[in-house]
Structure formats: structure tokens, C-alpha cells
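Notes follow the structure.
In this document, chain identifiers A, B, C and D correspond to the written order of the chains, with residue numbering beginning at 1 in each.
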Amino acid sequence: MADFIGHAFPGSFFLLFGLWWSVKFPLKHACRKNKKVFYLGSKAGFQRAEIIEGIVKAVCALIGILGEQFIPNGPHLKLYNYKAQEWNHLKNWQHSTMYLFYGLSGVVDILTHATNVPVAFDRLMMSLAEFVEGYLFYFHVHGRAMLVVHIHILLLTAIFGTALCFFLEVFCRGNIVLELLRTSLFILQGSWFWQIGFVLFPPSGGPEWDQNDHNNMMFITMCYCWHYAFALLLLAVNYTVVTWVVRIKMKGAKPMEMELLKTSGQEQESEDEI
Amino acid sequence: MADFIGHAFPGSFFLLFGLWWSVKFPLKHACRKNKKVFYLGSKAGFQRAEIIEGIVKAVCALIGILGEQFIPNGPHLKLYNYKAQEWNHLKNWQHSTMYLFYGLSGVVDILTHATNVPVAFDRLMMSLAEFVEGYLFYFHVHGRAMLVVHIHILLLTAIFGTALCFFLEVFCRGNIVLELLRTSLFILQGSWFWQIGFVLFPPSGGPEWDQNDHNNMMFITMCYCWHYAFALLLLAVNYTVVTWVVRIKMKGAKPMEMELLKTSGQEQESEDEI
Amino acid sequence: MADFIGHAFPGSFFLLFGLWWSVKFPLKHACRKNKKVFYLGSKAGFQRAEIIEGIVKAVCALIGILGEQFIPNGPHLKLYNYKAQEWNHLKNWQHSTMYLFYGLSGVVDILTHATNVPVAFDRLMMSLAEFVEGYLFYFHVHGRAMLVVHIHILLLTAIFGTALCFFLEVFCRGNIVLELLRTSLFILQGSWFWQIGFVLFPPSGGPEWDQNDHNNMMFITMCYCWHYAFALLLLAVNYTVVTWVVRIKMKGAKPMEMELLKTSGQEQESEDEI
Amino acid sequence: MADFIGHAFPGSFFLLFGLWWSVKFPLKHACRKNKKVFYLGSKAGFQRAEIIEGIVKAVCALIGILGEQFIPNGPHLKLYNYKAQEWNHLKNWQHSTMYLFYGLSGVVDILTHATNVPVAFDRLMMSLAEFVEGYLFYFHVHGRAMLVVHIHILLLTAIFGTALCFFLEVFCRGNIVLELLRTSLFILQGSWFWQIGFVLFPPSGGPEWDQNDHNNMMFITMCYCWHYAFALLLLAVNYTVVTWVVRIKMKGAKPMEMELLKTSGQEQESEDEI
């Protein structure tokens, strides 16, 4: 939907996942280093978390598709308008297609973690979902005002960056650097969707931006970098808090969990198999 | 050949191979996991399958070359038309060149699996064949109507994506994720060739598409993504069926093949050598 | 600052680091090969060197930011000029943003080497800092004279090349080839900043270059390659001198350090963990 | 030199090396598989071959530089023509710069194989030499006739492809697939230089090509692919002959070299260290 809500909804989706990952991956990393703590919960817990993630992703995508199709002036699943002899609300159909691939990714997440499909497919499918999103965006803004094009092109950096990260994770699964890099790019994408909403459809009803001013373009580029600096800062704070909490818990938990130490070591190995 | 058949033939070629691979790779993966089942057939069988694949590829390429050269208004192997002082049917020659590299790839397939040339060359040669196809396509559509250019540019994504996958397989041979990724891109390429045929040369004789309508371009881009979603779905169905059939067979086969278990384990190792 | 100093300062920053690395990495490599020599100092020494590097980087970035903000006709931290209804000194803000990311990289350097954050993050952060620099530069020169654009585009090769090297080092940490490659690109970037200063703002007050002469562009491209040849030469000289000094020292040091040999071997292993 | 000789000389250089490598790498591969044969000569022989290669490369580069500088209407090492107030024969200087980097690569070859500089630097330096060549070419043809630009752009594919191969070889040294891939690209580059010479400066004095005919461009693109098919064929023939000769020799040599078998195995390991 080409309005504020139409950018705020996907923005919230990406922010939600970005923030959750900024807690999950540091936690996973800390647990891996201190195998004894949280032992009982950790392996099965992360497995369950992945499945829930998949379900949330699929549900969000479904809401997105339904929202795009059934808003008052939406296409209502009709692709071609025979009366007007033209395609019917193509933008909504494009957005639905983007959501569709995230929905597929959610389903693949559930399948890989609940059945014994190779786990690497969840990363591949996310990579494809991001790629398709970027692909559609790339041809989406053809021939519109300079600022509108530029603000979406900037988004493409985050989108294709994320797609690349996910693709690399197919081969280096569990690499904390890649995981946090894509988390930061996800947060960036989410906050940038909100920014686009504010710039192109100011909800306060304020004056619109001059879409052909070169200075606005320069500012927007810089603003994008600030968003990223903010995403990195957020990630650093979450990382620190999570690591610190795990260390506190570890001190309290040490004595009683000593006996679990040996068995945990053996099962750890099987985590990385693809 | 710039007509419906000229797009349907390569489309069928890619679909044929895509569908076959969508059965072969899940089967191979399932057999690797359950070494006992299908043991006797598997190693030698897959070897023979590779050789047959190479032969089919080479024969298809030969048919393609002969078709391009000897259709009524084809070049009949004459490169330069001295009367008209111009190159003779350059498009047919370009298509022949594309087929030629697939033919070479077929020959290399046969050589690597029948003699002891390093097997990695089959992947490299396929990567080069795809790359040459994309390379020729890229310079092929220079200066034609917007929709024609766009519909071929979309194809380039699948082509170069496949080339990249094959190149990565030189280094990560037998990676199920890469194998299925390229299979999906192959199916996409095949079904998209058919789509191009239907759009540019409607066989039903219906009205032609408006080749300069921006909305048609947007629709075509989205349609491409739907083709890919369809290719992924097909792959998922085939994967599920194959895995399920192997599991059924495994249950029945267990007792009598127990004795083959040990020897199979040893020979398995030699498969990955390059 | 769009003047000679504004290019000489970052140029010196890059040259300083480039030259230091052209000594550090050959030294590290030589020490790794001759474990006995410099043993006591080496591990702890390099650790301390990394932290000092981080501090110097952060301080340089801070100086850069303050310089950009508080020069007489700078923005003084004011982003929007409400009187003139326009953004306030956007270029200085862009430069500040570039410095900011190097500052963050400096902080991450300190954190990774002083606490137990995974060390790979220092490489990732440098890669991001370089990428952001290149990203801002890319949109920076839009719509200016041909020579100005070209001279900055050339710089982008070094910048994105360095970003790629650092990113690869996340996965191949301690690879001497990558380390020296990025060192050479850093020196190139530094000396090229000086060159830009001399070409665009001749400090001697000489005649300006004709910014639209095609021959000047061709010369500048070639000149860039010469800078790189010079950077490689410098690297080769430093490499030779350092290796030679280490070998001299080794000969003198051999007898008395023999006893440290065994322990050093064991600790060496832990260096590569991420 | 913008004439036939100026393209034939580098073409011969690339062809020479391409042909030599098309013998060397299959030979090396065959020797590695049949360690006993050619044992005495092989290791030391290949070492010596690398050094001679480096010397030949450096000498060729030197001849190229001298030729570009001291032909009758060359720059004679004078960079700026103060009389005419313009750069002096920039093209010759650019070609000299290209040769310079190949010269540096030759020197690095000699150093890495004669002293104990890490061997991976020879690949890196060749990658840089190719990259610089491509880089200069890319800005070289700016603003000339369509066919001239296109015929050089095609060359860039081979050049950057080779640069990428060499860069990958830094990490996967001794990978036969990469070695033969770059050999084929080298042969392609060499034969294409000759082709450029024949097209742009027909030595027979025949009629020039129409440089703005779209059909000529399409033919040239296809012709480029045929050159590559020819390069692959040549490689295949050489590979077959070499492998066959080694096998013949092996049969004769078997009995008397059996005793060398054990020692050869141990030294083989040290080859891959970087």
C-alpha cells in the first residue's frame, strides 16, 4: 500500500525480527561458550524458538498478503481488470508477491526444524526471499521522482546485503559475525521502512519534502548511514546485556549443574551438521 | 529461431533437465543417508545416469544446432552472404553457438564420468555453457522494444545465477543446497522460455502485447517471481515424494541387505575426491 | 573540508596506518615462522599494539569530526539552517559521518582485544567503515566536473577493495596475503588523497587543471596505477628489511631462548580462534 | 602502439604463456597422480620452470616497455610536452604501465620461488597485473567508435576473469580446475589480441570494417565465443596428449623407480604450504 501504514507494517516486521535476533544470537553464542549454564533449556529451546520464528514469519506474511489484497481499494485477488483493459492494482500484487516469499521462508523454517530436511534450506530460502524483495523493488521505482528512487535504492543495499549474508550462512552456518551482520542489516531495513514512510507520507500532515532537491538526496544518504550506526549501537548494547546476564546466571548456577558437563559436550558436535 | 518453436525447444530442454534433477538429487541425498537401501544400484547407477545425461545433453544440442542451421530460412552453414554483402542470418548462428557450448558440456560430462579426467570439469563446463548463453543474450537484445529487452533481461538472472551455482559446485561438489538451487533456477529458465514464447509469439494468434506499456513490464517482473515460486513448489513436492518413497523401500529392505552395510561405508568416501 | 587540508588529513591518516601495517604484518609473519625469537614480547606485544591502534584510530576520527564541525565556516553541530530553509553544510556532516564509522571501528578494536568479544568483529567493523566511506563518496560527487568525479571514482576502487579484503579476513584471519593486500590498498588510498588535494586545490597557487580535458583523465588513471606500483614497492622494501632484521636477531638470540621453545608452540594454536 | 604489431606482440605473449601452461598444468597433475614417474625431475624441475617463467615474463615486459617508449614516434620517456602544453603520447605511457605490472609480476615470481617469500604472492601479483590491465583498458576506449569499444569490452571479460581466477588461486593453490580455467582465458586473451589487430588494422590492407554496423558487433560477440571454444579444444587436446605420454612413460619406468616411492610421498606434503 503506498501510504504510511504500507511502510510501517513491513518496517515493524523487520524491526521485530532484527531485535529478536539481536538477543537470540548473543544468547546462543554465550550459551555455546558456557555449556553448563542453561544447558537443559538451550538445545531444545533454540529448536523450539526456530519453529516459533517460522510460524510468526508465515503469519506476518499472511497478514501482509491479506492486507494488500482486501483493503478497500485493493485488487481483491482479481489480477486483470477486463473493463479498463489493464492490470488491476499491480503494486498491491507486487507487495503480495514479496510477502509470499517470506511466507514460503516461514514454512521452510518450520519444515527444516521440525522434520529432517537439511537445515541449510532455511538460510537459502531467506536469502531467496530477500533477493526477490530487492529484485521487485529494483524494477518498482522505475521512472518516479528522484528522491523516491534514491530512498528505495538505498534500501536495496540493506536488502541485497542481507541476501548475501544469508547465502554465506548456507556455507558458514552458526558464524556469529555473519549472524550479527545480517541482524544489523535487518534492523536497518526495518527502521528505514519507517523513515521512508515519514519522508514520503508525513503522517503529521506536515509539508512534503522537495523530491528533486539535490541537498535532500545528500541528506538522505547520510541519514541512512546514521540509521546503520544506530542499528550497530543497539546491537552492541543488547550483546553486552545478554553476555552480562549469562555470566551472572552462570556464577549462581555452577555447582548444581556440574554433573551435566560431560554429556553436553558430546551432543554439541551434532549441531553443525548440514 | 525467432518464433514460438525457437523458444519452446530450449524451454523443454531446460525443463526436462530441471525435472530430472529435481528427482535425482533428492534421491541421491536420501541414498547417502540410508546407505543400505538401493545400495547395489546406487553408485554404479548414478555413474551411468551421469553418462546418459551427458549423451542426452549432447544430442539435444546437436538437434538444436541442426534445427537452427537447416530450417527453410536458415543459414545452411553459410556465414557470410557475399551477394548482399552482409552476415548471413546472424541470430541463427548465435543460437547455434549457444547450443555448441551445451554440446561441449555434454561431451565433457561423458569424458569425466567414463574416463579418469577430474570430475570437477563437468561443473566448470556447465558453468561456462551457462555463462556463454547469458553473455550472448546480453548483447543479443540491444536496441529492441522495451518489453522484449526486459523479458530477456529477467532471463539473465536465472542464467547467471545458474552459472554461479555451477561454479560454486566446482569447490563444494555434492552440496545438496547448491544442487537444488540450480535445479530450481533451471526449471525457472525452462518455464520462462515458454513464457517468452507465449508473450512474444502468441501461438493462439491472439492480440500481441503492447511492448511499450510500463504496466506490462511490471506485470512481467512479478510473473517471473511467480514462475520461481512455482519452481520451488515443484521441487518441494518432488523432494517430499522421493524421500518418502525411499523411506518406504528402506523399511521393507532392511533385513536382507544388512550384510552389505560395511563395504558400502568404505567406498562412499571415494566419491568426493576431485 | 573541501580544501587542501581536508584531503591531506585523511590522507595522512591512511598513510600512517598503511605504513605501520607494512611493518607490523611482515614482523608478525616472521615471528610466527621463528617462534623462538621475540617470543616473550610477541604475543602480548601484538595484543597491546592492536589496542593502541584502536585508540589512535578513535582519536584520529574524533579530531576529524571536531575539525569538520568547528572550523570557522563549519556547521557547529547544527544540522538544519532554519533561516535559509536548507541543510546546514551538508558536506562537513558527510565527512563527519565517515569519521564516525572509523571511530566506531577504533572502539570495536579496543573492545575485541581487551575483553572477550570475538576478535573477528574488528575486521568486520573496519570493512563496514570502509564500505560506508565508499558509499558516501559514491553519492558525493554526483553532478560535478568530469575530472572531479573521475578522481574520486578511482579512489572508490581502493576503498571497496579494502572493504572486501577486510570482509574476507573475517573468514581467513591472519592470512598474510590478504593483510598485505589491504595494506597496499591503504597506502594507495592515503597517497591518492594527497594527490587529489594537489590536483583540485594546488597549494602552491599554480594554475588549476582543466577539469574537462579528456587527456587529463587518461593521465590521472595512469597516475593512479603508478601510485599503486609505488605502494607495492614500499611494501616490498619494508617486508625485506623487517625479514632481514628478524633473521639477524634470531642468529644472536638462538642459544639463550632454546628453553622457551616448547611452551611457545602450544600457545600459538589459540591465536586463530574466532 | 595503435597498430597491428602493437596488438600482435601482447597477443603472442599471452598465447605463449597460455600454451605453455596448457602443457605444464596437465603434466603437473599427471605427475602428482603417478608420483613415481618423472620423480627425480619433477619437484626441482617445476621449481626451476617457475623461475624461468618469471624471467621470461619480466624480459617480455621489458621489451614491451622499451618498444612503447622508443619507437620512432614514441614518448622517449618524456611525460609532458611543454611546447604543445599537453601530455606526451599518453597511450604509449598507458601501455608501458600495463607492461610494468607484468614485469613486477615476473620479479615476484622469481623472488617467491628462489627465496622464501610466501609463494601465494606470485598469484596475487598476477591477479593485480591483470586487474590493472583491465582497469586501464576500461578507461582507455572512452568515446571511440562503437566497434572499437565493443571489441575491447569483450577483452575485459577474459582479463577480469583471469584476475578473479588468480585471486581464487591465492586461496586454492594447485586446484587443477582453476589452473586450466585461467589457462583457457589466457589463450583467449592472446588470440583475441590478434583478432583485434586483424579487425582494426587489417595487415593485408583490405577494406576496413564498418565500425558502426550493429551486425558487425553481433558477429564479433559470437566470434569471441568461438575463440573460446577453440581455446577449450586446444586445452583438451594438450591435456589428452600429456596424460597419454605420462602414462606410456610410466609403464616403462615402473620397475626401476619403485624404490623412490616412499621418500617422494613425504616431500609431496610440503608443496601446499603458504
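Assume a residue touches a chain if its C-beta (ideal position, glycine included) is under 8 Å from a C-beta of that chain, and two chains touch if they have at least 3 such contacts.
Chains and their UniProt names: A, B, C, D = Transmembrane protein 45A-like isoform X2.
Owing to the predicted nature of the structure, the values given are computational and were not obtained by experimental measurement.
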Identify the chains adjacent to both chain A and chain D in the sense defined at the top.
-> B, C
When chain A is superposed on chain B by its C-alpha atoms, the rotation angle in degrees, nearest 5 | 90
Between copies chain B and chain D, are the contact residues mostly the same numbers or mostly different, with half as the line?
-> different
Farthest-lying chain, centroid of Cα atoms versus that of chain C | B
Rounded to the nearest whole Å, what is the centre-to-centre distance of chain A and chain C, using the mean of the C-alpha atoms as each centre?
-> 32
Would you kindly tell me how far, in whole Å, the mean C-alpha position of chain C lies from that of chain B?
-> 45
Inter-chain touch pairs (all) | A-B, A-C, B-D, C-D
Touching chain B in the complex, chain D uses residues 29, 157, 172, 176-177, 180-181, 214-219, 221-222, 225-226, 228-229, 232, 239
Can you list the residues on chain A that touch chain B in the complex?
-> 86-87, 90, 93-94, 97, 100-101, 104, 117-118, 120-121, 124, 128, 132, 135-136, 139-140, 142-143, 170-171, 274
